[in-house]
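Below are structures written as structure tokens.
Look at the two complexes coming up: chain A is in both, with chain B in one and chain C in the other.
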Partner chain A sequence: MLKVFKYTLIDLARNRFVLGYALLMLLVAQGLFVLEGDPTKALLSLVQVVMALVPLIALVFTVVYMYDTLEFTQLLAVQPIRRSAILGGQLLALAAALLLAQAIGLGLPLLVHSPTVAALVLSLSGSVLVLVFAALGALIALKQREKARGVGVALAIWFLFVLVYDALLMWGMFTLSDYPIEPFVVPLAGINPIDLARIMVMLQVDLAAMMGYSGAIYKNFFGSVGGTFAAALILALWVAVPVLFAFRVFRQKDL
Partner chain B sequence: MRELLILLLACLNVAHVDARTWRYRSGDGASLQTVINGTAAGDTVLVEGTVSEGSIRVDRPLVLLGGADAVIDGGGENDALLITADHVTVKGFTIRGSRRSNLDDMSGIKVNECRGVVIADNFIDKCFFAIYLSGVKDALIEGNTVLGEPGEEDHMANGIHLWKCSKATIRNNRIEHHRDGIYFEFVTDSHITGNTSLHNLRYGLHFMFSHRDAYEDNHFEDNGAGVAVMFSKEIAMRRNRFLANRGASAYGLLLKEINDGEIEDNTFQDNTTGIMIDGCNRINVRDNEFRLNGWALRLFANALDCDFQGNTFAGNTFDVSTNGSLIPNTMSGNYWDRYAGYDLDRDGHGDVPHRPLGFFTLLVEMQPYAMVFSRSLFVSLLDRAERLIPSLTPESMKDDRPLMRPPVRKSQAVAVVNKRLFPRSAFVFFHPSFFNQAGMGQNEKWRTPEHSVVLGHPCIFPLGGLQNTHG
Partner chain C sequence: MAEARITYHGVGKRYGKLWALRKVECAFHAGEVVMLIGPNASGKTTLIKSLLGLVSPTEGHITVDGQVIGSDPAYRRSIGYMPQISQFPATLTIGQLLEMMADIRELRADEVEDSLVEELGLSAQLDKRLSTLSGGTKQKVSAVLALRSRPSILVMDEPTAGLDPVSSKRVLQRAAAVRDTGGTVLITSHLMEEVEALADRVAYLEDGNLKFLLPVQEILSSTGCTRLSEALPRMLERSTLEAV
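Here is the complex of A and B:
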């Protein structure tokens, strides 16, 4: 597995897309901090960028990369290596490359311009989002034979998590506002990994508002130690479950 | 010969040093009350040691000076010290042990129906009311430290409490852990300056039916609400700092039924709500700074002719919210960090109006749980659409001349940028000034962080990096 990891990582290091991702994030983050002047405001803008862009890139890149390396994977599969080792090595290398790119593109500007707890939470949430969506991307790529179809599904899933889910949730909130929806809003907001990551960041940057009446319900849950563990658990599940499914699919797949 | 006499008298504990100065050392001999009863108007009594003989009553013009470790302990009987005469000065004491009673308003120092009282440099330790003035004119309360006990609201009373007073001056006191830090009811023509009011259960400062008062340069932090001004006229509020008043009904400044107030050059930071304005008329809100609040301004639709000018709104979750559609108030020449317009004629004011009331603000107003969507892509799209084609947000809620840059404030809080994890020199490339030198950034020289250390220019602090160092 380590050999597969190593060679995949070397391949990824030469991949222009990963380098491009690091540069893009660096440009966006650095640009925001320089043009905005106010690090606080730049951080807030960056939150939106990270919550939309990071899942998209992690998802699409993983899907595309899995298709592109299919021949190499086939070559590996005829060697006396266990299939789980092949996929494990590849996924680890993908995660490592994306996280490294993100550390350079996002982590570094944050560290330089705004070394605060909020920035730390933002880069951690961003990293977790990378893992979640890389895992989802791997599963999609293994499930769909056709590349175009796979990318299409990936885009649809991204769209679902970043926009449609929120829209539906908000529509539900307003339609059912006469009913006691309180027990449902916290779990429903917490299921979507992007929403969950955003709430974690919000508890830092919008703390004053979250202490008010409207934010209290979220603050009381996610702001507590138990809530933080629950959030971490949910995010871990979002990584673990797709990865497990991916292994299952890969083991039985006719390459 | 005179020294010998002094020595002799000192042995008796009560020394008649001078015709008008009495020295009292607690322990044995006469009680302080007897000494006071023996003085003439205008005398000075210097007290040393712990006096615990119950309530002390001062009924003639005296100067009570606390010497080394001077303590007046009321022993939980009534008021620790009761003053009923004009021109009494109480200075340098530790006062404790008043009875706790909501029925009789027992307090550490109670002053009734007199004028010219001076209460200075005392430490008032866990009293029910700490300093209580009723019907007093020309009082001076200065440099006292008032510490209460955290508890339930029912069992707590106010730190400095004034009832039916006029021309009082309350200066440089520090009040913690009371119900209200400073409480004014029917108090006119008074000044509250340079006080620090922290961790009070209800309000840092509370006005009821008090007119023509001013409070300036005070610091209110972590109170139930910073300051509540209710049913009062002509209150001036300048250069105060309202910090970290957080909670469901917590406000930096709560205004209810106020007429003709001046709110100038204050700082509101980290509050759930910066200013809440309910049923007020003719309030001028000028040159204040609202930073990192949940709601910077809650302006109820029953407010009339309030004017907002030269304020800075930055980093707030919501800048303005309201509960109606008719906004008979004016906003002009404020700086909004959300403003996305342009300034073609370069007069420093944006050419298109700014609408501070976002669509999302209204959504949260209608459905509080929608708060969870703050800063999501979905909400920012909705907000953008609403700004282009306003349909739900009130038409009249707008700033026609928004500032392009935050105004430099008259009084700048000296602020320190928090220490960075790594020296900046390691990241020259990332530094905004690198781009300035290269002519790439929009920042002017004075906005670079090095300069910001000296004066808190409001645009460059990292989140949570603001530490005010002046009291």
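Here is the complex of A and C:
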């Protein structure tokens, strides 16, 4: 696995898309800190950018990369190594390349302009989102035979998590605000990894109060040690489950 | 007849409702070159891919040197494969790719056969990125990868497609050398004239069925032709008439 990881990472290190991602994040983060003037405001704007952009980039890049390297993956699969070593190496390299690009593009400006706990949580949340959506991207690419269809499914999933899910949740909360829905709000927010990551950052900048009723509920639960542990566990499951399914699909897949 | 190295035991492969291979029973021996031919979608590639472990048979099994191939990839150590389409990581150089494959196969320096790199004119291009190579040069790289580990089983899918005549000849000479040292070579090709001098037997597939697997001499003598490219159409015509 380490051999596949090593050479895939060498390939990815010179990939224009990965370099472009690092540069884009650097420009956006640096630009926000310079334009906003106030690091807290810049951080809040950056949260919105990270929560939308990172899942999109991780999903689409992973899907496209997996399709583009399919013939080479076939060539690797006829070598005397297990398929799990191939997929493991490729996934690790993809995650490492995206995380490295993000560390440069997002981590550096945060370290320079806002070396706070909130910035650290944003950086960590962004990293977890990379892992979650790279894992989902790999699963999509392995399940769908056609590249166009795979990219379409990836975009639909991104759209669902970033917009549709939140819209439905908000609509439900407003509609049912006269009822005791508190026990359902937290698990429902926890289902969406982007929401979960956003809540964890928002709690650090103490803006949960500004989020109104739902903010208070989130603060009650995720503000506790048990809540933080639960959030970490859910995010870990969001990485582990797609990865396990991807390995299972790849082991049985006709290449 | 030499020992059977690769044996297909009732191998069938179904994709959805379509059977790409139907109960194929055959054996390929040490020291022979077998040419796999057949129309498009006849099952040639599926036959090859099931040997390489890229495709799992729906029914039946394949043995290599008496061992049923399954999830253990060790048997592929003796196999060299040259695919029809060569696609490599874009930003790696030829040198890095060769190093990567040797590393993955855990080849020692004395196990690596590098003379083909020189013969195919790749020595001066080792630092070139794979994304900058022409289709023909990628095929040369692919041939080197297939032969570099001195395989005793060589599988080539349309090996001469995209290669210049000189390189084609050199690659086929290498395939002959694998046979001459006791190896087994399977080649699919649409360019019969190029491969017929090399082939010892011909396997003909149609609609996933192995129609025949015969020595070249037998095909030539039964049709009265001197060239395989003339004999095969005549033989197929005859078998069609017999079926009618």
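The definition used in the following text is that the second predicted complex is superposed on the first by the 248 of 255 C-alpha atoms of A that agree within 3 Å, B and C clash if a C-alpha of one lies under 4 Å from a C-alpha of the other, contacts with A are read in each partner's own complex, and residues count from 1 in each chain.
In the analysis below, contacts are C-beta pairs under 8 Å (C-beta built on N, C-alpha and C of every residue); 3 or more make two chains touch, one makes a residue touch a chain.
Model, not experiment: these values are computed from the prediction.
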| item | value |
| --- | --- |
| Room on chain A for both chain B and chain C (clash or fit) | fit |
| Following superposition on chain A: angle at chain A, chain B versus chain C, Cα, nearest 10° | 170 |
| Touched partner set for A:Arg82, first chain B, second chain C, both or neither | second |
| Partner touching more residues of chain A, whether chain B or chain C | B |
| Touching partner for A:Asp178 - first (chain B), second (chain C), both, neither | neither |
| First (chain B), second (chain C), both or neither touched by A:Gln74 | second |
| Which of chain B and chain C A:Tyr7 touches, first, second, both or neither | second |
| Minimum C-alpha separation between chain B and chain C after superposing on chain A, in Å | 30 |
| Chain B and chain C footprints on chain A, overlapping residues | none |
| Residues of chain B that touch chain A when the two form their complex | 246-250, 270-273, 292-295, 314-315, 317-318, 337, 363-364, 366-381, 418, 420-422, 424, 427, 430-432, 435, 440-443, 447, 459-465 |
| Residues of chain C touching chain A in the complex | 15, 49, 52-56, 71, 73-77, 79, 81, 83, 85-92, 96, 100-101, 103-105, 145 |
| Complex contacts: residues of chain A adjacent to chain C | 3-4, 7-8, 10-11, 13-15, 69-72, 74-82, 251-252, 254-255 |
| Touching residues (chain side chain A, partner chain B) in the complex | 30, 33-35, 37-41, 43-44, 47-48, 51-52, 108-109, 111-119, 162-163, 166-167, 169-170, 173-174, 177, 181-182, 185, 189, 195, 198-199, 201-202, 204-218 |
